[in-house]
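I've put the structures underneath this note.
After this come two complexes, each holding chain A, first together with chain B and then together with chain C.
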Partner chain A sequence: MDGKYGGYHTNTLNPTCTGTSVIAVVYDEGVAVMSDTVVSYGKSARYKNVTRQYKVNDRVIVAFSGDHADFHTLQNIIERQVSKWAVVGQKLNPSALYAFLTSLMYQSRCKMNPFWNTLIIAGWEDNEDGGKPFLGHITQKGVAFEAKHTATGIASHLLTQVIEDETRDKTALNRAKAESILRRAVELAIYHDCLADNEFEIGVVGKTEKASVHTQKPIIGDWSIAETNCQYE
Partner chain B sequence: MFRNQYDSDVTVWSPQGRLHQVDYAVEAMKQGSATVGIRSNTHAVLVALKRAANELCSHQKKIYELDTHCGVSIAGLLSDGRILARNLQTECASWRWDYKQPVPVAVLNERMQLKLQANTQYYGRRPFGVGLIIAGYDKDGAHIVRTDPSAEVAEMHATSIGARSQSARTYLERNLDKFAHSSPDELIAHALLSLRDTLPAEDNLSAKNTTIAVVGKGTPFKIMENDEVAPHLAAIAGVARTTAVAGGGAGGAPPPPPAPQGGAPAPAAPAAPAAPAADDNRMEE
Partner chain C sequence: MAAVDSFQNGVLQCEIEPNGFDFSNCTRNCALARMGAAPPRLNSTGTTIVAVTYKDGVVMGADSRATAGNIIADKHCEKVHYITDSIYACGAGTAADLDQVTKMLSSSLRLLELNTGRKARVITALRIAKQHLFNYMGYIGAYLLIGGVDPTGPYLYDVSANGVTMARPFAAQGSGSYAAITVLEKDFKIGMTEEEASNLVQVALHAGMHGDNASGNSLNLVVITPEKTIFRGPIVPDFCNKPEPIESDYKFKTGSTTVLKKKEIKFDIVESMDMH
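Then we have the complex of A and B:
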């Protein structure tokens, strides 16, 4: 073990190929999740058309920002959970997966080997009163919370206020309104986040909609104001 | 001391294709005091008859709470039953720890089935000498599950195990169509009436020897003893006891003579039609 690090065990403690923000909004009968489809290698847009939303079953979607390789590991772990539930005829539900992943993320960070991801768990929670939408957010250190809307990465700083303004004190959103808020968020994201892309997906899961992820038309936005920015070429 | 040359170990087959040690364990279950489980679409109920070895002795605990949404009733060797109840409690707690929600009853069935079966296959082990009735309520609704030492685990609408339990099953079969839409109190009444049918004419249910448990929609698992049982017994006191039916042995008929020990037991058949059963002997545990 006389290696470069003098025999100490080491973990990879920085991400390599990453995805930027995820934004999700709860509406009256479901949840909508937005993520773009570019994989960044540092600041460079290394790969395109790569999804960041994993459909677990017809009522749960897990979306992530952060390291793609770490998420592949998580995807594998989630798949094994789905099988474990399936052998007893059960369907993994969003709150169970949320609780499980929270513990997993916290356990990994305690071993000084964190998953470099922020996770968004979106789903429809069946219960005896007809069910309710579920939206959970888990950080790479295992801090977790449920919310009516949430965002990861730079969007959590830039866009949560925009979404809050759109949703607070309003009558319940419907799916169309939720998706239009997400499109507006994409536009603001590509203005402000140099890692964000205008090619994106919206995943939807709800009372009547089985979980599904849809590729969206790219948003161009209005760049005329950029001419007034002296640093813009 | 063996009854025949094929029962020296649990792994030994008889030429008839039976595992005699497993059959003996099923007999142990049939000699335990009776317990009954019934479910409706929204609730599940357990009732059990507790025995006391003598006047100075307290009654043996028959029903265990496993979690807020499920519990188990035991017939047979109660010390074996306690081990299984503890094991199920651990399973419930472990699932809660992992997923922060109650364990589906189907998961408990699976685990219990595997645990029971292993003891019928390995040299040097013995089967658990108990049958269980698990009552639970989860996303899939109310559940009654019956297990026995041969590792047969089955979901039931209603069932009973233990001494003279055939009489209780006769009652349950006759009233099966009423259970689905019964209220919890009605389920308890049906369960008590069927349990009463397992008693010989000179005995009766009392607040001391009867335990009731109920679980269901909006109702966490609750065990009732003594004073809480009394009103439910009062509610059925006016119902006349069923007269003896084939294989029943309850009511006016004199108690049947103890069946010979170790006779080939009837093969386990969930909710099988009433048949004069060899399990009518009332042995103490």
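Then we have the complex of A and C:
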């Protein structure tokens, strides 16, 4: 596509440095979000210890998968929104940010210059009934929905069913159970996602917890079945 | 002179009659496509197939949906194919290719059993399948899980259309394999009982049938032990009979849009095309 600068592409065509899946689960008094800390350059795990979660304010965390540079731009745009709301003395709440980002992603996609990201917006939504957890998922095309648990990228194929089995028809989770589900999810993800890493973070935001992102102990996993394939067939 | 001629003829014959697939219709097909004639859709088994080895034997299972694009072509497609009494193959990929390849394997192994006087081995089925599929460079779209019990023990192998094979303690293939393999990774243990293995296969199939559009309807199981082979199916899971309640709220609630003006037009029905 011809850009303003005479023949150079000014529209996003491919992602360069990418983050892999993000997995998030709602529990009784908040939301927990898991993302690993590696940003890949194609198939190379080039940048380690990179956080893929952005703490917008005490009530909202935005996590991304996809292009890292596009997410940096989004962070700046979100910061500007936070300032605009602060001018009128308001704190940005999750559903407002979610609505804003949905429009932004969709508009960019309509201009054929998308933000090459899938975003997870996790937060605590204040309302008259004391508040409730909020979890939103926005894709690169601007498809947006709220859910009780969600995953982006390959994890959406691998882990959705397993997480659903743990959460459907069961009593509401607490924070510890939600985090343990996410830890199990990391172990299962590293078995089948080439771009996933065992060093990861869990971001938590809830009724009593201010938004915070915590580094976790790396997960090794069980590789004993490797010994069963010593055969020439 | 004659000897050279006949040799040259032999060489020329090879050039005229190549082995493998004949792609000479491709030019014709391209011309037809340009004229607007759409080629027929391949019947794919967009599938979930799962197999698990346990202490004494193998449990294998598959869903039963065959798709042609976005339509379900066959609700009760048989994807657990008989090879011998103690060897079965679950197949994902192109439905016709799978049927033919498994029939070929079954007859080759039966002939081998009659010729050698011994029970056929799982690894033999694997070798024959692998050499056949590699010959066709992946154009025969057969992705198989070959499992069974022979005099040397229980085995499970995974074969892809291009000829890659691997021995595995548990495996899943098909479009629903992403969901199924995660369930297997989560709950597989070495040395399970037959009941544990059978349950694990069913849970893995449920995950695939639930999460994948191209898998579903019902499932078939086969349990292969040294003494006997039990075929179980079709089993219809609950969520295939009755859909689970939707948790998300997609609709705009009434009153979301303010009504500014209302106008009612009354009209009489002169002639009705209603058919009762």
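Basically, the second predicted complex is superposed on the first by the 218 of 233 C-alpha atoms of A that agree within 3 Å, B and C clash if a C-alpha of one lies under 4 Å from a C-alpha of the other, contacts with A are read in each partner's own complex, and residues count from 1 in each chain.
The working rule: a residue touches a chain if its C-beta (ideal position, glycine included) is under 8 Å from a C-beta of that chain, and two chains touch if they have at least 3 such contacts.
What you see is a predicted model, and the numbers here were worked out from it, not measured in a lab.
Look at chain A after the overlay: chain B and chain C fit there side by side. Within the superposed three-chain model, A:Tyr191 lies in touch with chain C and out of touch with chain B [touch as defined at top]. If you count the residues of chain A touched by chain B and by chain C, you find the higher number for C. Contact with chain B, but none with chain C, is seen for A:Ser103 once the two complexes are overlaid on the shared chain. Of the two partner chains, chain B is the only one that A:Glu128 touches; chain C does not reach it.
When both complexes are overlaid on chain A, the residue A:Val87 reaches chain B alone and has no touch with chain C. Applying the stated contact rule after C-alpha superposition, one finds that A:Ser95 touches chain B and leaves chain C untouched.
Between the C-alpha centres of chain B and chain C, as viewed from that of chain A, the superposed structures give an angle of 130°, to the nearest 10.
In the superposition on chain A, contact of A:Ile219 is made with neither chain B nor chain C. Aligning both complexes on chain A leaves chain B and chain C separated at their closest CA atoms by 10 Å. Comparing which residues of chain A touch chain B with which touch chain C, the overlap is empty. Residues 87-90, 93, 95-96, 99-100, 103, 126-128 of chain A are the ones touching chain B in the complex.
In the complex of the two chains, the chain B residues touching chain A come out as 98-101, 104, 106-107, 109-110, 139, 217. In the complex of the two chains, the chain A residues touching chain C come out as 145-148, 154, 157-162, 164-165, 168, 184, 188, 191-192, 224-225, 228-229, 231, 233. On the side of chain C, the complex with chain A involves touching residues 123, 126-127, 130, 157, 165-170, 178-179, 181-183, 185-186, 188, 190, 203, 207-208, 210-211, 244, 247-248, 250.
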